[in-house]
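Okay, so chain A shows up in both of these, paired with chain B first and chain C after.
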Partner chain A sequence: MGWYARSLGKRKIFEFIVLLVFVFFFLGPLLNLVLLAFSGKWQYPAMLPQIWSLEWWSFVLTKEEVLSSISLSFGIAAIVTVASILICIPAAYAFARIRFPLSRWFLFSFLLTNAFPKMGLYVSIAVLFYQVGLMNTLLGIVLIHIVNTLMFMTWIPAAAFKSVHQAQEESARDVGAGPFRVFWHITLPMALPGILVASIFTFLSSLDEAQGTFMVGIPDFKTMPLVMYSIVEDYPSTAGAVFSIIMTLPTIILLMGARRFVNADVMSSGFQMK
Partner chain B sequence: MNVDKAGLIKMKGKTERTGISSQTKASITGLLMVIPSFALLVFTVIIPISLAVKESFLDTDRAFSLKNYTYLFTDKAMQSNLMFTLNLTLISTALTLLIGYLLAIYLRFNEGRITDWIRKLYYIPMFVPGVIATYGIINMYGNHGWLMRIGNALGFESFPRFIYDYNGLLLANLWFNIPFTTMLLSSALAGIPNSVIESARDVGAGKISIFAKFIVPMTYKTLLVAATFSFMGMIGAFTAPFLIGPNAPQVLGVAMQQSFSIYHEVGIASAMAVFMFLLCSGMGYFYIRSMIKEEPAAR
Partner chain C sequence: MDVKEEEVLLSIRSLQKTYKTGDGVRDINLDIRKGELITLLGPSGCGKTTVLRTIGGFLNPDAGEVKIENQSILHLPPEKRPTAMVFQSYNLWPHMTVYDNLAFGLKLRKTGKQQIREKVEQVLKLVRLPGTEKKYPSQLSGGQQQRVAVARALLLEPKVLLLDEPFSALDAKLRMEMREELREIQAAGNLTMVFVTHDQEEALSISDRIVVMNSGRIEQVASPQDIYDQPSSLFVAQFIGRMNFLNGQASKDGIQVQSLRFGNDKGLAGEVTVAVRPEDMVMQDPSAAGMSGTVRQVMVLGHYAEVSVETPAGMTKVFLPREEARALLTGAEVHLGISRATAYSKTS
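And then the complex of A and B:
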């Protein structure tokens, strides 16, 4: 081994250690769940399962509660995403392109969604919803999910609109395109990566939301994360692991599909609006 | 003056007839476009926050009092919860920034297959559902978890305690926040042109002086952004502390939930929320100030 290590050089070894620590720390817990999900028997202290099996998959996938939670969660996430786009994109465009009084004040007011502790906010929202009859309604759930997405659904697209060069819009206008044509054919396509990233964030955060749904959606709205809580409590960790994979799958698929757009610059710019 | 063109042109036709200045028209358009999302913010965030602030100043007879706050700062158990939360949040934020910074610098100045892999993979934790990640951490670091199994095979005998302990919460905070910090800083570091670094090297600047003279000044604002959002995310965290935190002392997020749903002490729960809100507002103030300061230069 010694000669091999030396031939690689110190730098390579260092890089390899960085990768190892990185994978262990960040992906270890997830890999562990994958192993668990496909194990039939995994007794301590074995490093890998003794028997591989799919029995928990059929158990989880035949539970009525699980199946209905999947379709409910996806339905809610789709509604939340569309609603957030309709509500936030105009605001994002206005922040990026239009001068109006107090615009900075409005822009930064969305930070409030993150500044107040979520649990406390949900409690207060529940009190308010109770008074106006939004408890245990789909509208109530959609609203509480949008709370989590308001900020980045406004900030990331605003930064994206801002990064579109006005010169390009102007030259389109110079050749006679109307404002809506310019928006549709020039501005929107160029801001699309930002909007797409924000929408993916929104969709996933809605799928992931548990506490708010629990506060305002009990007893009728059992979404995937809520079912996950009860599976964690009532069933062995293998069942939890299987359901974890089912819940994480949409994330992986969406990220792979949008890999071209999901990059550090697009996302970061949303948190540093100038 | 950089009056917006889109607004101008959109309004041109009408403006000429009615005589209202185009800036007024643009202002109205802008406000109309912002109002739907702002109204939603008022209904789902600003009103609930006001309700919670009001609730925190009411005693059990619904009369004004500071009792909830005195309780918060004088009760023994509550004091230890407070110190526990602050300690955990500050240490987690500091470590998140440090590790995130190192990782971002490593990714910026290195090339190769391994770096590419890390670049592709580090996004994943940002998108994994919180419940799932916490569950993974429990199974990995818990008693007889994967860490113990691997450690055993390598011949280790004793392990630090993670689950139901401070260590586990620290670990979860790092897991959830380092990727976001790395992402922000990577983007900031990508903005430093290679030519700047190279020319500094040409005139004989060492690694440390390049770091101090170029990298730090060009990234400290981003560091503040990362600190703000990490701090806000960690201080009121609930999911991970609820599942893997110790029973006593508790983090404030869990203590708040329990005093609300188990003891029905709405006032005390609200006082805790308002206290955390004040700390976050402090961070938010510095964040907004640094963003606004940049504005004149950017325009």
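And then the complex of A and C:
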């Protein structure tokens, strides 16, 4: 072993240690979470749980409140995603193709909602929602969620549309396609990876949203994150671990599925100010 | 213009388009015959692409008329025009295979599947890319992509094929091959083409006629031979090929450059600029009339040599056969004559 370490050189060994530390910090908590979720008894000095058990899984999955929150969350996330696509894709196309005064400032203004402390923003929105009767409604929750998704749902697809060259659209016009056909057959498919990535992030951020939903949706709309708060507060940490795995699963599955499209390029091109 | 009316396929009349920046084109009049390959040539920003895009329907002119077979096409959107365009780059749609790229236009025209298959196969053979149907554009080289783009335009059987600097992104050797191939396809199908380029060599080599443009106007329309031999303006003389410009004096008797004298066909007067091609400068006996000068540099450029001679009329380039140039040394005194020259008034 000694000769092997020496042959690698100091630099390589240092890099390896940095990697190990990184993996430990990154995956350690997740591993702990998984172990905790499947444990029946796990007391301090032991490295692994003394008793394995699915007890808390059956507890969480048979709780009526939990099951309904899962379906509610996925339903809301789906509605929010579709609604943001309908609102933001045309806007993104306009930002990418049409030159209008102050367009850059409009695009920049989408960042504002992320610049304020969220709670302050939600409180003022809640005041407004009281006046128009949107408190404790599905529409109110969807609107609150869209506030958060506007930015990347516009920025990333706008960059994707921009990367479709005008000549590619023009040559489609040239061979006989009208403007709508060009958009449907040429522009949209070419921008699809960017739109897909943005949609996935929209879906996940809606699934994860707690503060705004808490302000607007209580008491009738208890989504997964809200139920999780109460579970973490009311039951042993094992129940919280089980539930957070349930909440992490969709994120992992979606990101794995879209791995082909999600890359640093798509993301960074969305956040360039040109 | 010397085109008979019944032969005209595409006619442009008093076309005008001004951009906000003040650039644009004015007074464009052009008649193009069926089966002709015409080149719009000029420096960048001269308006050649503006004219082409106006024909294709991607720009609306401010004034003027564009007719194909005597029918105005200006009110038609690009998809309804009997034209097809090959763009400079980014021609193909990367998410479609070569087959889908080619078939897209035909599908829109509701052509039958079997027929599309046959036509695509045929046109790929024509551009020498048989069997590439299933490939994606990213799997082809730049030259191959541009060939597919030409094929896609040809499939539409346009009355006029428009090409916007189609080979400028390719390397020099490939560019030459593509030129030859395009010329063959054009001649074989008796196709009418309007070709935009800023490369004078390209224009001279493939065109039936060249339209030289400068700052939004047409300077000259003529065959490559005539453009080269009789440039109608100083701009064309400067833009096409190599040229020496010498100071001269015009009078009724003729034009005088040093001790040389030519006929004054254009009836110029006063100070004139005389344009002489380097190959039209000849070495002469000291006894004959001519300009004396000193050799400053001899560069051998393949089968010929370029000799720089300092004369009282200015630095002059002379092209000589390599053998003849071998005897010349830097600093040698020579006597130059001129076999052909064109004069331009200095005031215009």
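A few notes on this one:
Heads up, the rule we're going with is that the second predicted complex is superposed on the first by the 263 of 274 C-alpha atoms of A that agree within 3 Å, B and C clash if a C-alpha of one lies under 4 Å from a C-alpha of the other, contacts with A are read in each partner's own complex, and residues count from 1 in each chain.
Rule of thumb we're sticking to: a contact is a pair of C-beta atoms (placed from the backbone, for glycine too) under 8 Å apart; a residue touches a chain by one contact, two chains touch by 3 or more.
Computed from a prediction, not measured in an experiment: that's the story for all the values here.
With both complexes brought onto chain A, simultaneous placement of chain B and chain C is permitted, the two fitting side by side without a clash. Contacts of A:189 after superposition on the shared chain: chain C is touched, whereas chain B is not. In the superposed model, A:181 makes contact with chain C only, not with chain B. Superposing both complexes on chain A places the Cα centres of chain B and chain C at an angle of 80° as seen from the Cα centre of chain A, in steps of 10. Once chain A of one complex is fitted onto chain A of the other, the partner contacts of A:173 extend to both chain B and chain C. Using the contact criterion defined above for the overlaid structures, shared-chain residue A:49 touches neither chain B nor chain C, since it reaches no partner.
Counting the residues of chain A touched by each of chain B and chain C gives the higher count for B. By the touch criterion stated above, A:229 is placed in contact with chain B alone, chain C being left untouched.
Taking every C-alpha of chain B against every C-alpha of chain C after the fit on chain A, the minimum distance is 7 Å.
Residues 170, 173 of chain A touch chain B in one complex and chain C in the other.
Here chain C touches chain A in the complex through residues 56-58, 77-80, 83-85, 87-95, 104-105, 108-109, 149, 152-153, 156, going by the rule given at the top.
The part of chain A that touches chain B in the complex is made up of residues 15-16, 18-19, 22-23, 25-30, 32-33, 35-36, 44-47, 87-88, 90-91, 93-95, 97-101, 103-104, 106, 108-121, 123-125, 127-128, 143-144, 146-147, 150, 154, 166, 169-170, 173, 179, 182-183, 204, 207-208, 210-211, 225, 228-229, 232, 237, 240-241, 244, 247-248, 251, 254-255, 262, 264-265, 267-269, 271-274. Taken in their complex, chain B has these residues touching chain A: 2-7, 9-10, 23, 26-31, 33-34, 36-38, 40-41, 43-49, 51-52, 55, 103, 106, 110, 112, 114-115, 117-118, 121-125, 127-133, 135-137, 139-141, 144-150, 152-153, 174-175, 178-179, 183-184, 186-188, 190, 221-222, 225, 229, 232-233, 235-236, 238-239, 243, 252-253, 256-257, 260, 266, 269-270, 272-274, 276-277, 280-281, 283-284, 287-288, 291-292, 294-295, 298.
Interface of chain A with chain C (complex): residues 165, 167-168, 170-178, 181, 185-186, 189-190.
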